[in-house]
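Chain lettering (A, B and C) follows the sequence in which the chains are written, and residue indices restart at 1 in each chain.
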Amino acid sequence: MKRAALLALALAVLVAPAILPWDFYVNIATQVLIAAIFALSLNLLVGYGGLISLGHGAFLGASAYAVIFLTTRAGMAQLPAAACAVVFATFLAALFGPIALRASGLGFLMITLALGQIMWGVAYRWVEVTGGDNGLSGFTRPQPFGLDLSSPHAFYVLALLVFGCSFAFIALLVHSPFGAGLRGVRDQPRRLRALGFDTWLIRYAAFVIAAFWAAVAGVLWAYYNQFVSPHVLSLTNSAEVLLMVIAGGAGTLFGPVAGAVIVVLLKNVASAYVTRWMMLLGIVFVVIVVFMPEGLVPGLARLRRRSTGGVARPRTEGA
Amino acid sequence: MTDGPRLPDGGRVTAGRDAAGTSAVTAALEIEGLSKSFGGLPAVRGVTLQIAPGERRLLLGPNGAGKTTLFNLITGDIHADSGIVRLGGRDISRLRPHRRAHLGLARTYQVITLFSSDTLLHNLTLSLLGVSASRWNPLLPLSRRDDLRERALALLERVGLSQVAERKLSETSYGEQRRLEIAMALAQEPRVLLLDEPFAGLSREERRDMQQELSRIPREVTMVMIEHDLDVALSFADRIAVLHQGQVLVEGTRTEVVADARVQEIYLGA
Amino acid sequence: MRFWLVQSLNGLALGGLLFLLSSGFSLIFGLMRVANLTHGAYFMLGAYVGLSVLEAGHGFFAAVVAGALAIAVLGGIIERVLLRRLAGRTLAQVLVTLGIAFIISDSTLLVWSGDPMPLPVPAALQGGVRAFGVFFPKYRLAVVIIAVVAAVLLLLLLERTRIGAMIRAGVDDMDMARALGIPVPRLFTAVFCLGAALAGMGGVLGGPILSVYPGLDMDMLPLALIVLILGGAGSIGGAFAASMVIGFLYTFGQVLFPSLAYVILFLPMVVAIALKPKGLFSADAA
């Protein structure tokens, strides 16, 4: 009963922006959805794989650059360009994976940070292709099958559909045998190996899958902004998405979505009052890590369990 | 390839019989000149052992004799500096640990390294998945795999843990965790099972249960055990190898080993 | 020929700056297992502090000392107040240093505005010396000498002093160091301050060559990472060699392939990671 009510509420919240007339809020809702896809993808690594990446922005950025470059500079049609962009960024992850996965823990974090900086350096310096600091612009949203996506509402619906797909895929994945293996790699890699799991390949597969969904988010990001600059590949952007995952609750399905809501709202609200987003980001980062390391969703769930007096269900998820 | 990957559900013929009537010749587990040093300190020095199919072998030796390191070398957790490991006649020295598991090598650990925030059932399911091709399936919910669940429950029943199947591992007793270790190893239908101090830290009754558990394991499974408790261990063993400072000091039957002067020296300080 | 000589000196000078930046980064990582992502911000903030001291009419030497001291104090406070609170949670510590890096980065923008500002070369070191028919800028020679002196002093500190012996013991085996009764918390603070001071000093010394601008922090941080990966954790000699390699690569890369110079920097890192037999920081550690 209660569950049905919650579900109805969630659906209402998701559908509302498609109907409501305020463009400003619809756009923010779209931003949230794109950020949520991005955060969900990173959560596969951070929450389920125990691999903290500070270079996940590389894949969103690579795909955003690729789709804009292919359509505006190479004259490709919209849909093939989008597909190529996703393939390109996923392929990039397939190349980066073996380097990053030479280490886990801190080593992985440092190598992903360095790899992310390479991408930033390429975007910033390879002016002939990337437009350097000015970035690439002159991009418009596609009109698949004659549908006009230039209105905020129509684009919101597209983002919602893609978000639904990514959420469903990731929900299935984390409850699948592969997902069980991935969590096992996080908790007891040595034991899991002895049980017959190829721990390296599991991590590698997770790395590439995470990059794939980041790339999908990247295409949407490019459509939404119709412009791309090296900022999308900056460490700030990778840190932002990591904050979403950690703030919401790593290793939970809804955590990254909640984190995306919080960070996007904070960013939009803050920019209306102060121009110091980076400082705010830094402060929130420190506060969350020091005071709420498990994240919002698991924290609230624990409070709720306590207040209803229910017995804690054996939770298979957890950071 | 005589050792094709196992079918998810089927049992498997042991390698000894695979090799067309030469079962007496092919050892289940064969170690030849295995050595490993850590930072110049030799831990295992040129160990050579042959363990026949179905044999129960006990590894004895004081702390630091290199027994657990030997297990880690056999399973591939660490790389040997030199030497060969053969499983059912096949050289597995260069295979990675998960491949060795697929070929029928299972082990338990001295220190419990299970998935403590998961249920016993989930732990066991992971063990079943490890040797099943469906471990790569990213879309089918694990909860719908009734076949895995039933097999896991049957195994838990076998070691007397079915009433705590849904309990989190961290909420179970040490003895229960030890028994789960055995069940997880058996779930892999191993042909060679390495047991690292299965009796350590157990109470008197738990020891008796464990002893029964182990005696019920069929002879198709070859077992190698590290144990300090000689009372339970001696009754288990067909043959015994005593390790000392990384080398095999004595190898033989129970009576031969117990009578050996060098063994007496190590254990009794005579 | 002339080109190669001049560029080599530039490479050495950049390598010297990188050494000041990354020797502390490497020591901190080696001892505390914390990748201090604030290190680039220390370098930049040091340069800004030096700039303000210079603008207030003090000499260059005073600017270097002020930059080093200010950053040492800041580093000490961060270590005492935040990192210690998270002792044992390495990843949390690293994320906190990242958050602080953002805060510092934005604060400097607020205080010193967004324009790139070169620090003036001190009067005594203006001009150059002639050798082999080439004109070498004195200041860059001085930076190289300072870096070499700093490396020697650090090595002496580590090899010849009591505190150095404690640091080496901690880098080798922290549990053993604790068991031996080494005051680990105080040692952490000391090393953190030392590393921060070196970075702050490097920032001021780098000012006349690199200038100081928003984003200098994020430009320098990856370089410190690369030096750590190439040189090995906690090794002064390794950090020195790696700094020089990167200094040369970047300098020549910049001249020969300007659009790809930044990428070339990472090639030795990728090679080092690929070649190390067991990976860098041993997979599955913790």
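Just so it is clear, a contact is a pair of C-beta atoms (placed from the backbone, for glycine too) under 8 Å apart; a residue touches a chain by one contact, two chains touch by 3 or more.
Keep in mind the model is a prediction, meaning the values are calculated, not measured.
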item	value
Chain ID, smallest distance between chain and overall C-alpha centroids	A
Identity of the chain that, by mean CA position, is farthest from chain A	B
Chain pair with the most C-beta contacts	A-C
Distance between chain centroids, defined by C-alpha means - chain A, chain C (Å)	32
Averaged-CA centre spacing for the pair chain C and chain B, given as whole angstrom	50
Centre-to-centre distance between chain B and chain A (centres being mean Cα positions), rounded to whole Å	42
Residues of chain A whose C-beta touches two or more other chains	190, 199
Of all residues in chain B, those that touch chain A in their complex	75, 77, 96-98, 101-102, 106-107, 109, 113-119, 122, 125-127, 129-132, 134-143, 145, 166-168, 184, 188
In the complex, chain C residues that touch chain A	33, 35, 37, 82, 85-86, 89-92, 94-96, 98-107, 110, 218, 221-222, 225-226, 228-229, 258-263, 265-266, 269-270, 273-274, 276, 279-286
In the complex with chain C, residue positions of chain A that touch it	52, 54, 98-99, 101-107, 109-111, 113-115, 117-118, 121-122, 124-128, 189-190, 199, 234-236, 239, 242, 246, 276, 278-279, 281-286, 289-290, 293
Of chain A, residues touching chain B in the complex	169, 172-173, 175-181, 183-184, 187-188, 190-199, 209, 314-316, 318
